[in-house]
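Labels for the chains are A, B, C, D, E and F, by order of writing; each one numbers its residues from 1.
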Amino acid sequence: MANADRIAGSDVFRPNLTGRHATGRFWQTAFLGATTVGILGLILLMLNIVNNAFGLVAYADGEDYLKYSPIPVEQLATSDLVVLLTNELSTGAINKLNAEQPLDTRSRSDLLALVFERILDREVVASSTLAEAVFNRQAFEADALAKNPDARFVFKSWVTTDFLTVPMSSQALFAGVRTAILGSLMLIGLTIAIALPIGTGAAIYLQEYADKSLINRIIETNIYNLAGVPSIVYGMLGLAVFVRVLEPLTSGAMFGATDTNGRTILSAALTMALLVLPVIIVNAQEALKAVPDSLRQAAYGVGATRWQTIWHHVLPQAIPGVLTGSILAVSRAIGETAPLIVIGASTFITADPSGPFSGFTALPIQIYNWTVQPQAEFRNLAGAAILVLLVLLLTLNASAIILRNRLSARRAN
Amino acid sequence: MTQALSSLPVTDPQDRHVDWAARLRRKPRPVETVVQGLLFLCGAISILTTLGILLVLGNESLAFFTDPEVNVFEFFTGTHWQPQTGDFGVWPLVNATLMTSAIAMVVAMPLGIFAAIYLSEYAAPRAKAILKPTLEILAGIPTVVFGFFALTFITPLLRSIFGEDTVQIYNNASAGLVMGLMIVPLIASMSEDALSAVPRTLREGAYGLGATKLETTVQVVLPAALSGLVAAFIIGVSRAVGETMIVAIAAGATSQLTFNPFEAAETITGHIARISGGDLSYGSLDYTSLFALALTLFVITLGLNLVSRWLVNRFREQYD
Amino acid sequence: MATTSHRLHFDQELHDLQDNLLRMASLVDSAIAHALQALADQDLDLARQIAIEDARINEIRFKIEEQCLLLIAREQPVATDLRAIVAALNIAGEIERMGDHAAGIAKTVLRMGVQAPIMPLIDLNRMADESRSMLRTALDACVKRDSELAQSVAWRDDVIDGLYQDVFRQIVGLIADDPAITTRAMYLLFAGHNLERIGDRCVNIAERVIFINSGTMKELSAGPDEHL
Amino acid sequence: MSNTPTLQKTIMTDSTRLKPLTTNAGTASEPSETAIAANHINIFYGAFKAIADVSMAVEARKITAIIGPSGCGKSTMLRAFNRMNDFVPTARVEGEILLHGQNLYAPGVDPVEVRRRVGMVFQKPNPFPKSIYDNIAWAARLNGYRGDMDKLVEESLRAAALWDEVKDKLKQSGLSLSGGQQQRLCIARTIAIRPEIILMDEPCSALDPIATIKIEELMQELKQRYTIIIVTHNMQQAARVSDRTAMMMLTEDGKRSGTLIEFDDTNVIFTRPKDKRTEDYVSGRFG
Amino acid sequence: MATTSHRLHFDQELHDLQDNLLRMASLVDSAIAHALQALADQDLDLARQIAIEDARINEIRFKIEEQCLLLIAREQPVATDLRAIVAALNIAGEIERMGDHAAGIAKTVLRMGVQAPIMPLIDLNRMADESRSMLRTALDACVKRDSELAQSVAWRDDVIDGLYQDVFRQIVGLIADDPAITTRAMYLLFAGHNLERIGDRCVNIAERVIFINSGTMKELSAGPDEHL
Amino acid sequence: MSNTPTLQKTIMTDSTRLKPLTTNAGTASEPSETAIAANHINIFYGAFKAIADVSMAVEARKITAIIGPSGCGKSTMLRAFNRMNDFVPTARVEGEILLHGQNLYAPGVDPVEVRRRVGMVFQKPNPFPKSIYDNIAWAARLNGYRGDMDKLVEESLRAAALWDEVKDKLKQSGLSLSGGQQQRLCIARTIAIRPEIILMDEPCSALDPIATIKIEELMQELKQRYTIIIVTHNMQQAARVSDRTAMMMLTEDGKRSGTLIEFDDTNVIFTRPKDKRTEDYVSGRFG
């Protein structure tokens, strides 16, 4: 500033702009750094999952294939595989398999898997991560061969269509997540069905009807606090109430089901519903709060009743917010593990869940179980299952966003 | 205009035959009553939930504490938790819980707030439009995934840095660090909301007085958003304390009172998850002890929530 | 005011104000005519009628003043609107005083009673005709916001002044001839003076019209008492 | 310009009747009909008395303005006329509001019905997030309108001086209009349910001067059929549009309740108010 | 205006406006005094001086009018403030016309030239004194917003009117005695007429003062031309 | 009353000089000093030209009002004077703003320093959520103020006519004040860093009439030391407070850029504007 000294009184100020700008730049870097660390964490996490979901597998058969077939079983025709299985497995086992799906209608890969698993007793010798497979292949192969000189090596993607469509197995090579996916989907569907209407209703009550009476204030505070209660505590509640006390209802005994105890999808869904309810209510309340009061006044001012006002104006305005808030809350439930562990979701189950009263497993439970297994191949399975879970989650979130955009687009005109 | 106006019928106030009292009389509206009742029931369910939690936890805890094998005093002061041997001292579990939470907050708080500041004050709109959802994706990732990450990445990393002898396979440090990473987006998101909620006019006021961006941010915007930041912190702590899967996977299954983060030590939540995951018979001491632990957890998190709410209200009063 | 105005209501009121000015002027116009007629015919009834009429004119003047006051208080006029209202205030005052002048002539008639005039009223009638015409033109200029028309009014005042000078000289002559008629002659002189003043006031109105348009007051005449 | 009467023409006409100012409220001689009347109204928010003993008879087909300093209870008073205060849980009204001799606060009176008869236009334009058409049709339908809806919509929009601007886009959202248009839409919506009285709480305070003048012009049209009560902070606006002005102020007894201190023709209030406080207030002086 | 006003700036301006009115009145006051002095002493220089002074008074009048216009345009006055400003507009006009009357007398002096007066000016001097006193009282009432004081001004106008009647009769008598002095006598009569009109205008000012206070115009005199 | 000059007294005094109206801007004869000047300013938001070729020389120690219809670029123009537009990423300024001959938009000029010299008061009062004391002390300290802080705070508050109202509660939050007090606090805060020019963007539009008049009175005080530029929607306000008025309007070439159409003494603008559009605008007519 050329004529700065002309300004009266400016001599009492020494702005030191250079220093201040330098400090500013330093801290800006720090802020950017923190953000980068956060993003980096996410990237590492993803890489780690991918790293585990793919890799080299060393496997060996417990039985030599030559005992059953002159050529490697992989080269057998589909019909030969059926014959092989029928011959080698016990009648009971064959009947059970046929009950699930008749052998002759099964796909070739399905049959091959059965042969490997049941007849050849194929097992993993060692399993590597993607990084190992790429950067450290020799060492890995040497290690594996040291364990089992018959080991054969294959590069495997642990996420395959088989992985998605076959049920659970104790053999890592043949394990799939179909039951877990179905369990998760049913659980989440039921949870939405229970929690969404109740949550929205409660939010409407609190936002539109409740005066400042004691009971309403208690409800509000209570909901806020419930939102902060750890999920495992809900698990305990579910265990004590839904699994034990309400067993006749949740096991389906009241409706004639006989084969299960209280550890059913219904129990889990009820628990999950209670868990997400406070969040849904708070979200829905926010959505309702965002509807300007002027809109209500407008409706009242032309002689509308309270419910007419809510139903015709407030809810349509709030519904995109309510729905997205709810779906996001519920989609979080799809990853919730602790309460399911507590109420005792089965960890090993091969049968698809058949309805609300059946026992079930869920994706996060599978992941947890595989993660805590000491063998490396189960980590690979966990990685694959995580990928599936994340995709499911992303789908739910994306659908929530699409839904919101659709609804708000419709509302705009 | 006048033309149109006069063609529009209006209630004729001159009409002496109208019974105005009847016209204005209240009409019954059954729908209104029924709907309101139903909605109230929905709201009341939350009360039932709390009552349920209190009843269940209280009831079973009572059974636990009245068991001849258990000593309430020992529960709150004991330094050994060994159900098999009848040792029910909660401190090892609480200690591990606090340690993992503390590590988590040390990671999450600066990272979260710094990231929030960057997003809200510095990032160009386009960068923010990408970064914020990315962080929110991180917040939406199930905790079991973080547990997996802790066990399969952070633990090996720590071990390769500090040596396999120092760092056990299961350890609190790994669990805490990952928990911190998990909480970063939560805190960043909540803090960013709080910062963004500070009216633009306040920033303009500061700039208008010749403040630099940093001065505006740190000395004007941050204090104005303080209530939100504190709330974010406390919610973060509460989340860490109640977090189960990461510790269940990465922190280990040995309950021991240790202050070494590289050792395994089971947390409250981890213990509940591990024990309840197995087969246990209803009514056994193992079973009821879990409820006593859950009650402890519930009280801690409830306390944190109440404090956060109180703080938020207090600050809001001061600044509104 | 030719724009598409968004203050229709206000414009309507300005218009009403103008109408009221015109009505008032029209009353004064006939009052002058009647006054001269009464003077010519020694019509005492007509003269009395004019006095009554004058009271009404005064009343209208205060009504218009009140209208202006209300318009200022309620509509916060600025610029041309404000000048037009302030001008209306002034113009109403001028017209009212013209009415007083007509009434003054009428009173002269009453004072003189039924006596034959001491001289023919030719010049006085010409003064009256001229001043009435000036009044109409001035109001016309006002309605049309026509500065040139207003300017022309000012020039015409010279005619009246000239006539008045003639009347003055004539009367002095008459008195010199016959001092007995002094009082009556002076009454006639006052009638002339009144008409001269009416002309001056028309010039004042014209000045206000130019003021409305230009925003500045410009004196078109050197003042009313130039010839006294 | 061409049809402006000039002196020449005027002189021809016999009528020398003074044209009254159209803003002039009816003079005292004209018998005035009361549309709605407050009778010793007290309004409380909890224990706080916001309005102390206000009585005022609002004349039919006139615009009555309520003015006064901030917080003196103008809005509270206005909202008492159609029981909008019912939505404030702590609010309590004592005294009577009489509409056709019926006390609106009598037990058994339906506030929903009251609000239909006494319509309201708010400070911020608040059209429903529906089409322009539905904004008007909704309320009419709600109140059991059975006639030709298209006709009603057109008439209401015409009456609100909005028809020409929106007739080609009735299906567009009401929110797509400008602020001033939105406010006129809200007025149209209110007119559509045929109230007798229209309450307006600072209807122009969110609008720019152009839109404000349009609404003011509209009010002048509307008062031919409706009774309008308007609260305004803007003294100039009260002066411009209203026929009668009610001046409210806080009592000076330390209780700070709002009370009516002068209620007279707007002409009087703005040129020769009787109360010193009114004079101080309208001339921008206080205290 | 005794309240604690929150429009200090505006009040200051109203005050300035009043001051300007007072200054203008004071100029006119001395103009009247000088006019009578010039008449008595046949002081042509003084008479010319008064004419020059009158131009200044006219100028001030238009300045005050502009002030009033600006105040209305900028401060949107209502109620008493507005009445005071409109009254100031009128009062400035009245004072200006008083100045014209004083100038009228001065012109009479110039027309008559250095001729001995045809009669002693006792009555005219008394008229001048009375009208000057009325002017002061009227302005005082205006400043003090004192309606009673204003009322008293109106009553005092009768004194002037009475004096003027006397002057009129005296002059008619003088002309009857000696028609040769008719012209000079008429000049004197016009001087008297001017003083009489000054009195009327003081009454007008008084009316405006009452208007400021009460909000309504009440005519205190039956009009200026009662005696003509 | 007692010291009001009466005629008797006045006549004694020799001076018959006309007292000028104090609102009167300096007459043309008085040499005027330019405080800040815009020189062929164009402002763009992206490709949209919001301001087209505006030049205006703002006189020192005067109040300059910028008026004009909504959206004509008043705020944009005002914010150009202290580079507040820097915060709008799409905004771009062409032309010069000269402060003591120095172009504020020249490369190398530090906008932070510019904003200290050209202070700003905003539409909504925006005190910092700090104590009243710190609201003022903060910026002064930031800018390296070396003097007695208590004194500076007191002086600034006095200058903003707020001292008496807050002197006993300097430690209270600035947010605890009323709207009008908050706005005066913001003015005090600006004064404290001794700017030469104070920009005000509709500083009273969020305030009630009483608070508005107080701020207006304050501005009259301040102009003895500061140059003030105020944007206002309220024509009456511009008329009341300003010495000079700039009338802006959209160009009629379809591009809808804002431009300066008349810039003159406020007296002239409100009694005899030269431009027909100004006349229409100030008298509430448009079109």
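One rule holds in what follows: a residue touches a chain if its C-beta (ideal position, glycine included) is under 8 Å from a C-beta of that chain, and two chains touch if they have at least 3 such contacts.
Note that the coordinates shown come from a computational prediction; the quantities given were computed from them, not determined experimentally.
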item: Those chains which touch chain C and also touch chain A; value: D, F
item: Residue-number overlap at the chain C/chain E interface, same or different (half cut); value: same
item: More contacts between chains, B-D or D-E; value: B-D
item: Chain C-chain F separation of Cα centroids, rounded to whole Å; value: 49
item: Distance from chain E to chain C - Cα centre to Cα centre, in angstrom; value: 21
item: Centre-to-centre distance between chain F and chain A (centres being mean Cα positions), rounded to whole Å; value: 59
item: Intercentroid distance (Cα basis), chain F paired with chain E, Å; value: 45
item: Residue list for chain B, restricted to those that touch at least two other chains; value: 210, 212, 215
item: Junction residues of chain D, two or more chains touched; value: 113, 210, 213, 235-236, 239, 270-271, 284, 286
item: In chain E, residues with contacts to at least two other chains; value: 6-7, 10, 66, 69, 73, 76-79, 82-83
item: Touching chain combinations (by label order); value: A-B, A-D, A-F, B-D, B-F, C-D, C-E, C-F, D-E, D-F, E-F
item: Parts of chain F lying in touch with chain A, wherever the complex brings them together; value: 99-102, 109-110, 112-113, 116-117, 140, 142-147, 193-194, 196
item: Chain A to chain D touching residues, read off their complex; value: 211-212, 292, 294-295, 297-305, 308, 312-313, 316-317, 411-413
item: Residue numbers on chain F that touch chain E, as the complex places them; value: 1, 4-8, 10-11, 15-24, 210, 213-214, 216-217, 220, 236, 239-240, 266-267, 270-271
item: Sites on chain A touched by chain F in the complex; value: 1-3, 6-10, 12-17, 20-21
item: Interfacial residue positions of chain F with respect to chain D in the complex; value: 69-70, 208-210, 213, 233, 235-236, 284, 286
